[in-house]
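The two complexes that follow have subunit A in common; it is paired with subunit B in the first and with subunit C in the second.
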Partner chain A sequence: MSHENLNGCIILKDLHYSVADNTWVKVNDDGTVTVGMTDVAQNLAGPILHARTKGVGTGRRKGKPIATVESGKWVGPVKSPISGEIVGVNEGLEADAQLINRSPYRNGWVVKMKPENLDAELADLETGDAAVASYKAKMENDNMAGCTHIEGSDTYE
Partner chain B sequence: MMALDLSMNKYSDVSMAEKERLFDEVKADERWHHVLYGCYECGICVAACPSARFYDFSPRVIAQSVAREDVDLVYTLMNDSIWDCSQCFSCDRCPRQNSPGQIITIMREVAVKNGLKSAKTALEGYGRIIYKIMSTGSQVSPDMLQPNAFPDWGGHVKEISDNLDVWRRALPPETLHTTETGWKITDKTIIELYLIWHMTGVMDLIQGVDEGLYMILVDVMEERLEEAGYDDVTFD
Partner chain C sequence: MADDHEGKRILVIQTHGIETPTRTYSPVFYAMAAAAMEIEVMLWFTMNGTNQLRKGEAEKIQLDPTSNVNLKTMLNMAMDSDVQLRVCQQSLELWDMKPEDLIDGVEILGATSIIDLALNYDHVMYF
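Moving on to the complex of A and B:
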């Protein structure tokens, strides 16, 4: 999977990003989408202690919370980058919320959703080199030095 | 220690009208006339102030600047100084009966109500505590003394949490012998708390300071209120 490394912050180029809300969307073959937090998000939050997802069957408009994430220093929502119904949640997060820190794009995904208006809403998200450029600008704007990773984190080659 | 920048260049991009508007809001507070009577710079408040010892902070400067109606300086202090006060009110020994601490209380409220960036930054670290208190209606409870719950509490937490029941039973008041009951909130109480915060504008305040915190609190509150039959109470 092609990726960019911005001072340690990994951006996978084939995902669709809400750069402002630090979330990603992956379009699956079965028409659902997988949603998660970005590497930048896990880094800003620090080691995550609890991640509570909304239940399967919950309908969410874009921008509304699909999960609440708590770290030692921060609590906040994971805002849904698209509108739709939650059709699956990552059960692994209940026992080990730091999956999000170690594997934000793989094992630490947050929910799967059945999108309502995917094509139009994907157009509002950024992907590929455009997403990388946006993240670069955001990190400069926020004076963010880069990302660090806890032990056992995914590696990218 | 960060030195306080009093050069007045830092906020030169903020209009005088905006600075005056905020100061007027401070002066319009009903407590205003009971907290400021004039200052003769004796420095007793500074001598008593623990924050003055450790930060570039002075309760005298606060009282002086508002008494002189120095709009520029008041704005700077409202952003960069008032959050260094610990609100201990040791300064309430002023021979003129000024209360720099209470002046700061009012200034902080105005900063929060207007969503000043300094207020957001100062309160950022408290988001998690506010979330706990406002979603559960309860303080941080003893069974949250888990090694991973508050990493900043240090390594001895594991030792305490392993034997928490024993530690609780060692406390003199019987009501504190449990990790649960003292912190249990009834449905009626939590619903009342949610309604009070909704009706008194507390939720609007939080929205102005921390949108994410507001969002997750509303999520919890709306669900619980709906279960209790308050379908018509919405926050947006």
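Moving on to the complex of A and C:
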């Protein structure tokens, strides 16, 4: 999977990003989407203590929380980058919320959703080189030096 | 799995101020947690709690010297999360503070307002 490394912050180019809300969307073959937090988000939060997802069957408008995440220094919502129904949650986060820190794009995914208006809403998200450029600008604008990772985090060659 | 608390309202009352730094963070953090859970939350400052709202004071309260987060950062994050910050008008006089001494984003309300709020909100948390 093609990726970019911005001072340690990994951006996977085939995902679709809400750069403002630091979330990503992956379109699955079965018509569902997987949603998670970005590497930048896990870095800003720091080691995550708890992640509470909304339940399966919950309908969400774009921008509404699909989960709440708390670390020692931050607590906040994970805002849904698309509208739809939650059809799966990452049960592993309950026992080990730091999956999000170690593997934000793989084992630390947050929910799966059945999208309502995917084509139109994907157009509002950024992907590929455009997403990389937006993150680069955001990091400069926010004076963010880069990302650090806890032990056992995914590596990208 | 989180319960659905959407539509609920919590009033958080903070009476502790800059002279007790370790009592300042938690009420703000709980307010942010409530906001993240889609609960409407108001953070009400009175008694000593009011003095942390004087411009320049909250920046001095930093519980973890290795972190870049201070109390002002926390208050800003709370406001960014749609936590409403209110201060008791009568308590401003206690600290010889004028409205212009307050950090941006804080509204001033009188004593009768807090009684209204306490009766109308779903839950009140006192600190």
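Rule of thumb we're sticking to: the second predicted complex is superposed on the first by the 157 of 157 C-alpha atoms of A that agree within 3 Å, B and C clash if a C-alpha of one lies under 4 Å from a C-alpha of the other, contacts with A are read in each partner's own complex, and residues count from 1 in each chain.
Definition applied: a contact is a pair of C-beta atoms (placed from the backbone, for glycine too) under 8 Å apart; a residue touches a chain by one contact, two chains touch by 3 or more.
Treat the numbers as computed from the prediction; the structure is a model and nothing was measured.
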Fit or clash - subunit C, subunit B, common subunit A: clash
Touching partner for A:Pro65 - first (subunit B), second (subunit C), both, neither: both
Touched partner set for A:Gly8, first subunit B, second subunit C, both or neither: neither
Which superposed partner A:Leu49 touches (first subunit B, second subunit C, both, neither): first
Subunit B versus subunit C as contact partner of A:Lys73, first or second or both or neither: both
Overlapping contact positions on subunit A, where the subunit C interface meets the subunit B interface: 54, 64-65, 68, 70, 73-77
Subunit B-facing residues of subunit A, complex: 47, 49, 54, 64-65, 68, 70, 72-77, 79
Partner subunit A, residues of subunit C touching it in the complex: 1-2, 4, 29, 32-33, 35-38, 64, 67, 69, 77, 81
Of subunit A, residues touching subunit C in the complex: 52-55, 58, 64-65, 67-70, 73-77, 89
Touching residues on subunit B, where the partner in the complex is subunit A: 124-125, 127-128, 131, 148-152, 212-213, 215-216, 219
